[in-house]
Amino acid sequence: MIKVGIIGANGFLGLELLRILSIHPKVSIQKILKRENDIDDEFTHLSSLNLSELQTTNLGDFQNLDCVFLALPHGSAEEYVNELMGKVKIIDLSSDYRISDAQSYEKFYKSSFDTNLQNKFTYGFIESKLDEIKKSENVANPGCFALASQLAILPFESLINNISITAITGSSGGGKAPTFKNHHSIRSKDVFSYNVNQHRHLAEIYQSFPSLVDKLSFVPLSGPFTRGIYVTAHIQSNENIDIDKLNELLNNKYSNMPFVRVQSQNKLSNVVGSNYCDISISIKDNQNFVVETCIDNLIKGASGNAVECMNLMFSEDQSFGLKEMLPLYL
Amino acid sequence: MIKVGIIGANGFLGLELLRILSIHPKVSIQKILKRENDIDDEFTHLSSLNLSELQTTNLGDFQNLDCVFLALPHGSAEEYVNELMGKVKIIDLSSDYRISDAQSYEKFYKSSFDTNLQNKFTYGFIESKLDEIKKSENVANPGCFALASQLAILPFESLINNISITAITGSSGGGKAPTFKNHHSIRSKDVFSYNVNQHRHLAEIYQSFPSLVDKLSFVPLSGPFTRGIYVTAHIQSNENIDIDKLNELLNNKYSNMPFVRVQSQNKLSNVVGSNYCDISISIKDNQNFVVETCIDNLIKGASGNAVECMNLMFSEDQSFGLKEMLPLYL
Amino acid sequence: MIKVGIIGANGFLGLELLRILSIHPKVSIQKILKRENDIDDEFTHLSSLNLSELQTTNLGDFQNLDCVFLALPHGSAEEYVNELMGKVKIIDLSSDYRISDAQSYEKFYKSSFDTNLQNKFTYGFIESKLDEIKKSENVANPGCFALASQLAILPFESLINNISITAITGSSGGGKAPTFKNHHSIRSKDVFSYNVNQHRHLAEIYQSFPSLVDKLSFVPLSGPFTRGIYVTAHIQSNENIDIDKLNELLNNKYSNMPFVRVQSQNKLSNVVGSNYCDISISIKDNQNFVVETCIDNLIKGASGNAVECMNLMFSEDQSFGLKEMLPLYL
Amino acid sequence: MIKVGIIGANGFLGLELLRILSIHPKVSIQKILKRENDIDDEFTHLSSLNLSELQTTNLGDFQNLDCVFLALPHGSAEEYVNELMGKVKIIDLSSDYRISDAQSYEKFYKSSFDTNLQNKFTYGFIESKLDEIKKSENVANPGCFALASQLAILPFESLINNISITAITGSSGGGKAPTFKNHHSIRSKDVFSYNVNQHRHLAEIYQSFPSLVDKLSFVPLSGPFTRGIYVTAHIQSNENIDIDKLNELLNNKYSNMPFVRVQSQNKLSNVVGSNYCDISISIKDNQNFVVETCIDNLIKGASGNAVECMNLMFSEDQSFGLKEMLPLYL
């Protein structure tokens, strides 16, 4: 059994980690860092798990575990990473260690770059960096918009002349802090954009695909649903394409990936509640096509992908604890 | 492994059975009756399960299984029951075999009663009839409103002088057939009642609690959500009550029941996605109190309870395949 | 033209007042008190009205208007009322001046009672106090749950032996302050109760109907929608009833009321966006019946009723500015 | 007063026409064609308008009106148009008469083109064809996706080298017929595309902007809300752009248009319930920018625009009956 600890369990990603790890056949959740509220006081939906018993305020208790998940707001991980690095494997779900280039980090995050720590993390883009992740001690889990977009780009990178992405996310992406943007009375029927062509997740996309820096336009939208990201990517090709070529490119990248499914028609409700990323393609003409991907932002876009990384880092079956989470559909 | 078959897999309850039984550690889904559409053509969210391979149009294929689930619309089960009874254990999720009294059945269902078959089913109200279910060959799974209401009534039956229930359900309760009532454009912000004091599930409640026939007023509401039933029961007591007495009555019935949780405050999102029924009580004065229950109508209110019955009928742990389904919360 | 001012325009009720008064044929909005944010900075949906031009920080500017609406949080009205009373007509949408009995006020509001001011307001329950409102200088607009419930009670008060109300409200009822209860990620599929038999609006109901103090059980629920309250009232009668008698009682109270509509079947979407209260009745037996009412909590439950009061206080047609707001339905 | 009749009042667009025309200061609704259900039987939300009295089954009754609105499903208008053309002004909300080119019509609609009738209609794109509409006897109201997209394109047509549009619509766009796509249980949390680069509304966009035929990629999405369309248009310019140039182009087209508002930040809830189209722009670099528009698909995207056309056709103020419909926001 992999002995794991969770720091940040009371946030949305932490709650989802608890849900996944609690049913994982090879994991034992041993410690939860108590930072503020007792988890059973704040959330009663998991009362049957007796999580309060696992809580501790002592970070030292995490040092003899096998793996620690950090699910904290941007900029909060450093003290824990400093304490735990080298003693346990670390999977960080924040954006703090995803970017290895100082200039890009500082441009998108408007904060200073810690060279010392950032280069010790592998970026957890499984479908692109499988072997590196297997050998890693520390993984920085991708951002939700970044992962959903990169899964649309990855097979087709070589032929992209220009790409325009509009991606819409649910309200859980913003975390549990109540704000006016996620006030139910407005959000339940609203759509709005934010940080057009300036979203922080662009730093990850450009890092993975440097050739796109001048070729990508990216609009993130917020929509009136809780879970999910739906990406539409309009691609102009730099060579003639047809359906066979596109399918071949898809298969090259994804035929061995347990959680990427090629569908003839994409539908967000087909993946919500699961770790799947569904992908579909539509050709317009011999130079233009559309790729669509969708994921559950809390699972494949965050906690599920983090557990998938853990499976790889501990040489377990990549899909343990995740294939049991079938899409809810309803 | 329990070899199971499903008839009616393409409906909402059938899809939920597939989701639960696919991860059940002691179950092998062996056959799905193909009645109309190929399931993988109609629903692509489960494409990873290759369910089409399990489909057959031959009812005979179900006879050497251990257990068959029927998840069909009201009035459709008879032909299958006639063919399979005595050969396999049957769990019927429809309302066809829940009522054992001809007069009550005909009053609420406006259709004729089949004495021959109806008395061969045990009513699957686990928290009330645990031992009978364990010995049963055929179980009629309770209705969702009926179960949620009965779980509020059961501990307090003896002291009810009068009870007024308002229960609100999500849109999945009406099944997958598109109707104007479940048109998203209206339903997404609507609340409405239907069959006030005439809902068919009253037949089940009166059957379980004959003393309530003149004491219960029941209003079913439909609300703008997909999953869940939330019951508020205002109870006038025929004797003085206090919190200790009520808690004692609660514990008498539910302390050994793995899926009933007493909460200080009820909240539908605490149970959605799980087989839990949460229950809470609020005292008004020494003669009046309110009981609230909530369930996921597709799980504890239907497919989950059916699987729980199966576990009991096959002497397995009551919570196999179900305790893994933690509440979604988000 | 009635010259009106609004204090508290940036809240949910204030925004709704702006929407109604802007199209009212006999009203000119002259002043909006700027308390914090510039309204056009905070809300751009009304940018076409150039509301910023109407803003002032000077309370003195309100003294030569005809009517001032206060739409402030509980406990905030006093300074404005002290300044304006006797100079202009005041319509207060908060709960501060609804209760005239010190003991009841202090019990439900846990705060001290201002005898001096509270008795100078007429309670704006139009269907019950039409003539008093017409003659009033100051009106305290009813609470949303209180009004929806009282409209179910009013015709039947004399024959109520016992009444159990479950009332469900949308998220706008809690105002614009973001809280975890109105976080979209939870609220969009949640139902929960709060303050069972202790809701502050009970003070208003008991004030209007003192005979109900020992006869009413009241459960307020919050549901996953923005606008509306749906009330189900289970009534035990103290005398035999039939449909003719109940209809006669309904007509006695409501046949001259422009915004109460008797319907054979209630449906929240029939009133959302309008000032209507729809009401329907269902008889169970000769001693028990169910009354259902529904309103838009922001309109008939707040700002619409306040404008209806204004029309009466200024001897205008009761429905001016309100009958133009037809139910949205979609 | 303009005497109007409505054919197709029982559909979603017809209901919205009723809501708008009922409060229009210069309109008298005189006749509603009764095609199937009595409107007051089918819809009780407008019971206060006594619409049943206006119903007739006699098409002849419409001939001496001033204006008839047709709000029928695709392909149903012909018999009415043949009967009424030349006798009254006609505003058709269907897609039947929007396209004047036979080849394009047949390509996108897969049905035959009626040369005789189609060329007698002016396409009701007000912001582009104001003067023609003023002189027209017959107007074909634009499609909702087409109008929202064209409002994003119109100011910038001359500099578009390439444009990628993703547009998301609410469930009311599909009309009132219940289908599985608009089943609340699925739709309330779903996002999906359909007819990628083949949507019928492309015929309108290409007709208005022939230069875009090889330059536009168009993905229509369906989202989990009732009202509204939100368009994101990624534009590659064929010349250098800056914010001043783009603002000048915007002003050139829209400064005199009462229902187009330039916003610094777009937000669907800012327009829902109103006839406004909000538009905003974001520059990426000197060759790439994003235009966003949003409308209420039932109002500016259908019935509101149709009434705006009527105002123009009868030389009334363009905004009569429409400026009263302020955005709901909540």
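Going in written order, the chains are labelled A, B, C and D, and every chain counts its residues from 1.
Assume a residue touches a chain if its C-beta (ideal position, glycine included) is under 8 Å from a C-beta of that chain, and two chains touch if they have at least 3 such contacts.
Bear in mind the structure is a predicted one, so any value in this text is a computation, not a measurement.
Here B-C and C-D were compared by C-beta pairs in contact; the pair with more is B-C. Centroid distances built from C-alpha atoms place D farthest away from subunit B. Over half of the residue-numbered contact pairs at A-B are shared with one candidate from B-D, C-D or A-C, namely C-D. Chain centres here are Cα averages; for subunit B and subunit D they lie 45 Å apart. One simple way to say how far apart two chains are is to compare their mean CA positions; for subunit B and subunit C this gives 39 Å. With centres set at the average Cα position, the gap from subunit C to subunit D is 36 Å. For subunit D, the set of residues that touch two or more other chains comprises 12, 172, 185, 188-189, 224-227, 265, 267, 269, 329-330.
By the touch criterion given at the top, residues 12, 170-172, 176, 178-180, 182-185, 187-189, 224-226 of subunit C touch subunit A in their complex. By the touch rule above, subunit C contacts subunit B in their complex via residues 162, 164, 166, 168, 185-186, 188-193, 196-197, 214, 217, 219, 221, 223-228, 230, 232, 234, 236, 265-269, 272, 282, 284-285, 288, 290, 292, 294, 329-330. Taken in their complex, subunit A has these residues touching subunit B: 12, 15-16, 19, 22-23, 43-49, 172, 226-227, 261, 263-265, 267, 269-271, 273-274, 276, 298, 323-324, 326-330.
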